[in-house]
Structures are given as structure tokens and as C-alpha cells.
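Labels run A, B, C and D following the written order; every chain starts at residue 1.
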Amino acid sequence: MAMLSYRQALHDTLRAEMQRDEDVLLIGEEIGVFEGSYKITAGLLAEFGPRRVRDTPICEGGFVGTAIGAAMLGLRPVVELMTINFSLLAIDQIVNHAAKLRSMFGGQVSVPLVIRTPGGGGQQLAATHSQNLEVWYAHVPGLKVLAPATAADAKGMLTAAIRDDDPVILLENLALYNTKGEVPDGEHTVPIGTATVMKPGRDITLVSYSRAAVVAFDVAHRLEAQGISVEVIDLRSLRPLDRETVCASVRKTTRAVVFEDDWLSYGIGAEVAASIQEGAFDHLDAPVRRVAAAEVPLPYAKPLELAALPDATALIRVIRETLDATGFSYQEASSHA
Amino acid sequence: MQQTHEPAGGPATAAQREAKQDPEELRDYYRQMMLIRVFEQRAAEMYTRAKIGGYCHLNLGEEATVVGLMAALHPTDYLFTSYREHGYALVRGAQPGRVMAELFGRAAGLSGGRGGSMHLYDTQLRLLGGYGIVGGQIAPATGAALALAYRGGPGPDREAVMCLLGDGATNIGAFHESLNLAAVWKLPILYVIVNNGLGMGTTVEAASGEPELFRRGCSYRIPGQRVDGNDVLAVRDAALDALERVRTEHQPMLLEAVSYRLRGHSVVDPARYRSDEETARLRTLDPVPAFRSRLIETGDMDEAAAAQIDAEAERIVADAVDFADRAPAPDPAALFDYVYATPVANAGRGRPGDPLFPADQPAANFAGAAQFGIGG
Amino acid sequence: MAMLSYRQALHDTLRAEMQRDEDVLLIGEEIGVFEGSYKITAGLLAEFGPRRVRDTPICEGGFVGTAIGAAMLGLRPVVELMTINFSLLAIDQIVNHAAKLRSMFGGQVSVPLVIRTPGGGGQQLAATHSQNLEVWYAHVPGLKVLAPATAADAKGMLTAAIRDDDPVILLENLALYNTKGEVPDGEHTVPIGTATVMKPGRDITLVSYSRAAVVAFDVAHRLEAQGISVEVIDLRSLRPLDRETVCASVRKTTRAVVFEDDWLSYGIGAEVAASIQEGAFDHLDAPVRRVAAAEVPLPYAKPLELAALPDATALIRVIRETLDATGFSYQEASSHA
Amino acid sequence: MQQTHEPAGGPATAAQREAKQDPEELRDYYRQMMLIRVFEQRAAEMYTRAKIGGYCHLNLGEEATVVGLMAALHPTDYLFTSYREHGYALVRGAQPGRVMAELFGRAAGLSGGRGGSMHLYDTQLRLLGGYGIVGGQIAPATGAALALAYRGGPGPDREAVMCLLGDGATNIGAFHESLNLAAVWKLPILYVIVNNGLGMGTTVEAASGEPELFRRGCSYRIPGQRVDGNDVLAVRDAALDALERVRTEHQPMLLEAVSYRLRGHSVVDPARYRSDEETARLRTLDPVPAFRSRLIETGDMDEAAAAQIDAEAERIVADAVDFADRAPAPDPAALFDYVYATPVANAGRGRPGDPLFPADQPAANFAGAAQFGIGG
């Protein structure tokens, strides 16, 4: 175990996989000479050279499509899209090609491609540079979509993604790069398609992922002190989605809240709530509430940005409202504790 | 007609080379052109008889281009095409029966019946797909060339990639982005614009600010050349010369083969936007009868041999249709095959209406979720 | 009232709005000389000329972005994207620009743009040409997303869309173009943001939209004969979503099923089910079930395509399972009738 | 340095025109260049003092290009820029205080504080936006030109569109698709490539197959020209000539202005990828002191006047900072303003965590939904 930043964990994993497998190469804008917009690839050009660390012109569709073709011939490209906002320029190649070629060609080819890209708002980057569009990718069969919240999962999921033979979108988050956590040394992979219980609890299930999961985890600990036992589930894998882990928890706690950074309508939380009401209907004592972003193009001005983004205060309010709606007795809860 | 954008000692003219042309080879080109012609005519017929569904785009009028290009390609080269690709698959060596079976949507089809007319793929033949999104194949083809360059340098016997695209496809961003990448990365790829004069109903002049499409490599310093797509030998020779630079210099190249679409955009298109005069004029340019009489004139083929080739083509295609007709359709139980190459937990395998969780046994779900859930 | 096809209703509406407003122009591939891939624009080039009916080169991103700029200067372009599958090449302009410019520029500009595009599978067009990606657009603030199921709504919603000052995605459907229905003569607009009750009923609420709504309507009538009173709600407007009309129905029927053509996970039905469990929690007697497409890139072969797409049989099965789960008595029901 | 791609009796050289140059006008150019210089330096300072958030890209080193281009534009013309646009807004006539206020995220900002540094917009000035998506402005600018052509034909006094883009932006598909559309539709637009030598850290040579970017109009038969972006008069004159053809012929044109980015890509970029020698060399090319001494040499401006202009710039920018600092931030209650221009039912106006339906009063929802729901 070592205490590493999420950024460092990603960097070290890229380096380790490149050392391990000659077919792994990096493709993206400003990842070499510039060392990456967020410095994940710092030093890798110097170590592996321009053959394996390829700076591209500004042409997301072109270089993602190019990575797909390289993967069809057996290379294992790891593409960096500077932010998920720019992935819109490559989404035709990702969804109409990477996700479909194997099926459409009758299983004769696979596309071992990883696309790393950070999402997230809160940095005052304004409407076009602050989006959380992961639900678009999570909706698409043929893709695998991962969203690690911790440095350990960043390592475990990026490793799994690179070694997986299918196209994987690894969703990073601008606000997580500097967060630190314990990271297992040596081999460490996380099974794609599995959620994880970040913190066990009895009274209510809190479902989240990526940056929001870190906030959820923190809120859960604060509420513990107030006699509320919150079970926190980090989805981690948005596609495939591990519904059973979520529903098993709700069958136990009888209550659930989803905390997510994307827009509420048709967001990730909609599928989570829909799955819970089907998978734990008889156990559910209150509606599944969702705490998500206000439905506006995110403004630049800080007060507006803060007003639009979900935060711990809103989450705690909704958790309490959900508990109150089911006559939860705080005394009783704390007596458990 | 043959123009060179960057004069670089262009290839010998078709005429010159024809001299040193083995008659058997010439007859073989005719055989291939005739096979495409008959195959496409029967495909159109099968479509109208509802044996073929979806869209069906034919190579009618492009036979000389198809055969000329394939004659220049090594078996070890990689080929990416658009959705108008039946002929390429046939000449590249696919069994006509398996090509027709794909159009019929049968399990024995080239893509297991999952791709259909627009999506022919064959790993052995290094035919890496027909693509239905206009321009969609350009970047992946460029990536295949990247993989080749990644694994080895230039050389006369090195592998190359040939990427076909239509005239209309030169107007999409992927054309610009891909050729630029090939240029800055020095990739071994030949882009071939199959200019048949039209998008669906849109002329090249109406769609492209520079209608002399072979000049469009100028924005990347990629040499371009135009060749008569109705002249199989000219096409072959131009492709051979371009591929030589591609192999030996890893210099991406651009070739434009000009021919004419003899029918509508797809089988269902009556092409009303084209006048009868125009259509009649195009028929006179039909490359198949033209090459037939040319070989008879030059004495490389006699009428009997020609008639035999024609009959043979009819027989092969008839057999292909029979094969396709008798071939079994894919089993619905195989619906979820090939969605993923690496199996993972909770991958959804539910049919429409299946419950997310097997009823009344929540406890049993966990293990079974991957199998029964409709999960993402 | 006149009996018109969905195609004719769209065509007539385009024509009427072009006659009414000189600023309305059509932009798209093959809409003029070729008269449209699906012939919606047949005859309009001849009537209005190339200035107002503009055939474009193949460059979805380019001509949609161009339409956005024209709209910023006050024109009212109606763009045809040949199918929603190709909209992926224009989605950066649609989502990063059309949807955001007004907010991002502090309300100084509006983008009165309509994008007409058909979605839908079932035509054996294979994986890249058979998608239902409307949920992507429905997720995005700044857009309005409409999905008419009938010829009357096709007229009413296209008219409303053209006269609206915001970017509107009008989702059409390949399978609906030839369907016929009564269409009001003269002025007819449908208020954006409102769902409609296609058929009133007592026992169960069936929520759908676009092509699926037509199937739902038909199924409801067949079940009526069997003593099951189904209320069918056509969402029509996916963004804004009229949650109250849906929940008001479920509060009455106590049961709900969603019938949709898109992929199940993170599809339109997820938001509908999530909204129902929040808006009608105390009234709901059984989980909201979703009947949607199997999660595969749609194969070309007919038997596989049929196996992947939702149909009346699956819908009826799920409706019965939902009724049975709540001890619904068919006798009692028929006695009502 | 001035090259013409399509020799068409290029414009008079800057030198020639300088002769008939009104000194007051020249001083005014210097005044504007100095204003940009000081404004950007203070902006960088304010960013490091956290008064400005997000990204902040400066025009330092591009002052001559900015002033030259704006001098050629009519007030009735439309301007689209990238995210590196502070200087254009200032010279176009925006109040420095309102520009700085936008960077500070204040309600009095040019875009109401909602766009920030990358998204300056002013309807009156016909500055139709800074755009943060590389190449994002190219198609909308082309569409603005379409609107102009839709409403009227060519003419010497007709309106035109100027679309700015960086050297790196020439590699994205939107460049290709937009220029092609402008060419086939004959739209009145001048595309200006502001070539500052770099993307973020990527050189033009590394990014573009044809690094002489002004030649890239070749794929659309759009005439291209390169001009010294450090020479304000050369830039102005080249733009004037290009705009004349744009107005009178509706012939889209391409102009490349070559200058150098004096600082990092954005304020936070230390530009380590550039050697100290290179950085030092660039300083010697700094257009602002160069133009200052040039005017003093030619006698068009004396040291005193220059000093006064410099001081005035400092004062104006100081006032701008004060104004921005005192200006109130937008009211959170206005969060949902401007999401839609036409109000419709059920538009979501909920804050994070608000219930979809007001508790305990379902009946009341219907009317209130638009107001209280978080609906899509």
C-alpha cells in the first residue's frame, strides 16, 4: 500500500502497462511535449519516445477513429480526450464504430481501446467545459464505462481497462486528480461490472460514483456521528451496471438516495432509481430521491455555479427528508451505534 | 484521361503497359468484372424479391475500378471500403455464396448475417469492413496504417492499407482529419476516391469547392492523381505506382478513379434526378462491354472465350443465390454473442420485457445477475 | 380534419411555415434535387428554389453549425438530419453550441433552430443505422426534444418547433412516415412540454412515445376487449418532460409499464420509472416495469433484429405480469366494462 | 513577409500605404495595442490573485494582429473569435470595465458573467462570441455569412463576417466542412488564421501536413494569403483587400497572420516546452515596443505622446479593474434565466435536492410543475 494521488495512480498505471506490453501506446492532444493538460502523462514521452506517446493535431474524431483502426490490428491504444466535453467530436467513432464493429462484423474483430477522459464542473470553466455526459456512453451496448472515485480504483480500473479486449471509457474527474488514497502495490485490477460498498450502514443506502462518491462517503461519516448509519455504494462501473449490489443494500436499509454530478433528468440516477424500485419494491419505505445538478448550462460566475451543482448540504437535507418521511427515530438509530 | 497533381514521373500509361500484358491476366480481369456485373444484377433482383433487406448499394458501372484496384493490392495488404463494396469482396476472393448469404442475412454470410450488404468483413482476406457511415472508414483505415508503421518501417514488400471512399465523402471532416494525421505521422496508406459523379443525387460540382478531387491532398502535401476509372489497366497501374511510394516511403497517397454510377444510389432509388439522355450517355461508357470488345479487338480474347466467361459468371452467381437461399438464418439464441470480447459481470442479456431480477428469488439474483439481468 | 400520412403532415407543415415566414429555410443532405431520403421535402425545391431549400455536401457538423449561425442572425432554419444516427457527427454543435449559446452569452442571443431527424430500428439497416438515441438529447438543458407519434402531433409539434425561439430536436421515426391519421386543418400547434392521454383507462398506465406509442395504443385496445382498461400516455415531449400527467394517471391506476424502442439501461423509461416512483410512491401497487430493446448493436439478420426489438407480445406479457402481481381480477375488470 | 497563394494583384505593401497614413490614426493603433498589452498583463495578475477563474488565454504578442484586423472591419460586420479574444472585444469598442467584469464573473460583464474569459459576446458590437471549443466558431460564423447572403447580394458596402481561428484549429474537421460550405454557397466571409506558432505546446509543423496554413484554402479554391502578424499596417491592408473581395464578390477568403505567443498557452502554463533562447528571441519580435519606436522614428509620435498613451492605458485598465472589483456578482435567483428564450411548460427550475413534486400536495403539482418541478 502506498498513499498516492489519483493523478499519480493513473500515471503509474499507464507507465506500468506500457512497460508490460509493447502493444500499449498513448494517443492524444498535448500528452507528450506538453506532458498532458492535467499532467497524467508527464515524463512518459521522455521514457517511451514519440512512437509510443503520440501527440496529435486537434482532431478528436480523427485520432479516436485512428486509435480504433490501430486496435483492430491488435495494438492497445490508450487515448486521452482532454475532457469529456470534447468527446462529442469523436462520439460517432466511439458509438458507431468502436462499440459496434465486433457485433456488426460477426465477432471477427475486437477493439481493445481505452479512452481516458475527465468530466466534471466546479472549476469555473463555463457551460461547454463543465459537463458530465457519462450517461450517454453508459446507454450504449458494446461499450464498457468505468468511473473510479478513488486512487486505488483508478489503478485497478485503468489496469483492467487496458487488459480488456473491448472499448472502455474510463471517466476521470477534474476534481479528483489531486485527491489521495491508499493504493495497493503491484498487480491490482478491479473487476469491470461490479459496484463496491464504500461504507456499510443500516439506515439508508446512498448510491453515487466518481467525485460525488467522495462527497457521499464524507457525508456518511458526518451523519454517523449524528446517529444515522448510511451505507455508501460506489457504482464504479456504469456499464455494465451492478444492480444487484445496489438493490441488496436497499432491501436491507429500506431507503435510498442517489447523489450524482450530472443533470437530473435522464441522468445516471434515473436508471439507479428505476432499478431500485423494481429490485427492492417490497422493501422500499420511501421514494428514491436524486440529488443532481440543476438543469442549466453551467454558468461561469462562481455564485451561479455553486447554486447549480449538488453539494453536501443538499445531500444531507434530502437524506434527512427521506428518513423523516419514514418516521425514522434518531434516538433509536444512535442507540444502535 | 490522367492528370498528376504533383508531377513525380507519373506511371506509364495503360496503353504502354498493355503491350507487356499477359492475355490470361486480361481475360481474368474481364472474368472478375463480369462476375461483379452479374452478381450485382442478381442482388438487385433479390432485393426487389425481398430476399435482401435494408439498403443495397451496387458497384454497377464501377467494375473496372474495382478490378483495377484489387489487381494492385497484395494479399497481405489491408482494405477498408464504404458500404458500396460487394465487388471488392468478390474480387478480393470471398466466396460469392458467402457474400450473397450476408446480403440474405444468413449465418454463413461473410459477417455472420449481422452486417448485411453495407458491412462485409473478412479477416482472412484482410477486408476490414464495409462502413455505412459516410467517411466512417477513413480514420480507422488510417489507424490500421498506424499499426503497420508502429510495427515496422518502409520497404518494397511491406504491407499497406488501401482506403476507399466516395466523392461525396471527401467533404466530411474525417477526410481532412485523417489525411492530415497520415501526413504528419507518415503512414503507409493509399486513399482512393471512387468518384462516380454523385453522392445520392448531389453532383461533385455542387458538393465540393474543389471538384477536381485528386487535388484535395494539397492541404496535407499528399500527392494526388486522377485516373479513368473505366480503364481497368489504368486504374491498376496508377494504384501500383501509388502503392509503391506508400510501401517504400510511407508516403500517404491519394488516387481518384472517375467512373459513373449506372443505376440509382441504392436499389430503391429510381434516380429521377438524372435525365434519360444522361442515363443513355452513361450506358455508352459502360466499362464491362467496353473491355469485352477491347480484348476481342486486341485478340486477347475470342468471342467463344468471352461467351464462356459470361456463362460461367451466370452459373457462379446462380449457385451463390442457391447457397444463400438454403443457408440457415442466425439462431436468435445467439443474439448476445459478440457484444463483448471479454466477458464481464452484469452484462445485460435480457430480452425485451424480461424482468431486471428473476421474480420471487432476490437472494438468487447476485450470482445470476450476469446471466438473467437486463443490466447495463 | 383530413386523413393524412405522418409524412404528408410533415411536408405540408414545412410548406405552410415557409409560405408564412420568409425567414424559414430548409437545410440538409439530399432534401432538394433528390427530394429527401424519405421524401418529406418532395417538391419544395421546385416551389421555393435553392435559396430556401439548400442541399448540402455530406458534413453534418458543418451544416448544423452553419444553421446555428444563421439562426443567431434571425433566420429560422429547419435542418433535416437524414437519420438520428448521423446526428452524432453534429452533436458537438447541437449540445455545445445550440443548447448553450443563449445562457453562455447572458441572454443576448437565441437560436431558433429546428432539427428534424428520424430514429428507429426494424428496417434491417443494421447497427449503425437503427438507433434510438433520443435520451442523449433529452438529457441536455437548453434543448427542447419532441417525439410526435401521430400525424396530428407531427403537424402540431413541427409548427410549434418552427415558431419557438429555442433549438428544438424533432424526433421522427422511419416506421411512422406511412402511418395515417386525422389531422386538424389550418392552424394547429401542440404546446411543447405537455404529454397527452391517448386513451383513458382505469387499471394500468402505459407510458410510451413515438412509434412505440402507436403499438401501445393498439395493445390497449386489444386488452380492452379482454377486460383490461389501459390508460395510454404519449409523452410527446421528452424535454421538457410532463411528469405530472404521467404521475396523475398512475395515482389513479396504481400500476405502470413503460414501452420504448431504445435500449433499456439509461433509456427514456428509466427517467419515467424514476419519476413515477417519486411522484406516485404511495399509490403504486407494483414496480414500474420497462419493455425496451435488448442491449445489443442491432443486427441485420431479421430473426436477430426481431429478437432484439420490443413488440406487442412482450408488452402484453409484462402488462399481465404487472396486473397479476397485484392480484388484479379480470372478471371484476370486465364487469366494469 | 507577404505571400499570395493565388496571385491576384495582391494588396499594396504596408510600406507603400504607410506613406499616405494619418499620424493620428497611427497613434491610435499604438494606443489600442498598448491598451491590450496592459489589459492582458493585469488580467494575468488578477488571475494569479484568484479574481479570475477558469481558463484565461491572453493576446500578448498578438496586439498588432488584433488591431490590424479590427481596423479593417466595418462596425456593421460580424466577428466570431476563439477563446483568445479579450483584445478583439476591447478594440471593437467594448468598455474595458465590462470586459474585465466578465473575467471577474460579474453581472455587469459583457456576457452577464455567465461566459467568462472564453465567451465574450456583445450584440451591439456585433461581436458574436468567443468560443471555447476549438474550431467551434467556424461553422456558426459561416452560418452568419449564410444569413447575410440569404438577405442580400454582394456590394462594396455590404456586411461581411470575419471568423478568427488559431493555427491548431485548421486541423479539425470543422475547418474543412465550413470552408467547403462557404465555397459552394459563395458566402461573404473572411477566415483569419491567427498563427501564433503553437497549439498548446504543439508546433504548426508537428500538427499540420501543410504548415503554410494560408495554402489550405486550396481544397475549396479559396484564395489564401499570409501576412506578418507583427505588422499592424500589413495586417490591416491584407484584411481590407480580402474583405473587399468578400463584400463585392461573396468570395470567401483566407488570411493567415503570423505572430508569436509571448507567454504560455493560458495564464497557468509556464511553457516549459519552450527554451529560454526561444523565449528571448520572441521578446525581440514583440510588436508593441517595435511599433512604438517605429512611430517615433518616422516622427508620427514623439516620446512624450507615447509616454502619455502608455500612462493612459495604465489608467484605463486600473479603472477597469476597479469597476470589475466593485461590480456585483449575478444573483443566484437568476440561475434559470436564459436557459430558454420561449417559455414552455414543465421546464425544470429545481435546485439540487429539490423534490420533483412539492411534498404532500400532488394535486397542486400540475399548475405548479413548471415552477417547482425539476422536470426535463
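Operating definition for what follows: a residue touches a chain if its C-beta (ideal position, glycine included) is under 8 Å from a C-beta of that chain, and two chains touch if they have at least 3 such contacts.
Keep in mind that what you see is a predicted model, and the values were worked out from it rather than measured.
> Which chain is most remote from chain C in terms of Cα centres?
Relative to chain C, the chain whose C-alpha centre sits farthest away is D.
> If you tally contacting C-beta pairs, which pair wins, B-C or C-D?
Pair with the higher count of C-beta contacts: C-D.
> Just how far, in Å, is the C-alpha centre of chain D from the one of chain A?
The mean C-alpha positions of chain A and chain D differ by 35 Å.
> For chain A and chain B, what's the span in angstrom between their mean Cα positions?
39
> Which chain B residues reach two or more other chains?
113-115, 119, 131, 133, 136, 171-174, 176-177, 180, 184, 206-208, 339, 348, 355, 375-376
> By residue number and range, which residues of chain C touch two or more other chains?
57, 59, 61-62, 85, 89, 92, 96-97, 103-104, 126-128, 138-139, 141-142, 239, 241, 265-266, 271, 278, 289, 295-297, 299
> Can you tell me which positions in chain C touch chain A when the two form their complex?
61, 85, 88-89, 91-92, 95-97, 99-100, 103-104, 126-128, 133, 135-136, 138-142, 239, 241, 262-263, 265-274, 277-278, 281, 284, 286-290, 295-297, 299
> Write out the stretch or stretches of chain B touching chain A in their complex.
Where chain B meets chain A, its residues are 78, 80, 109-115, 119, 121-123, 128-129, 131, 133, 136, 138-148, 150, 173-174, 176-178, 180-181, 184-185, 337-342, 344-348, 355-357, 362, 365-366, 369-370, 373, 375-376.
> How about chain D: which of its residues touch chain B in the complex?
171-177, 179-180, 182-184, 206-210, 215-216, 218-222
> Contact residues on chain C for chain B in the complex?
Touch residues, chain C against chain B: 29-30, 33-34, 37, 55, 57-62, 85-86, 89, 123-129, 264-266, 289, 291-297, 299-304, 306-311, 314-315, 317-318, 321.
> Tell me, which parts of chain C touch chain D in their complex?
25, 51, 54, 56-57, 59, 61-75, 92-93, 96-97, 101-110, 112, 138-139, 141-142, 144, 164-166, 191-194, 237-245, 247-248, 251, 271, 275, 278-280
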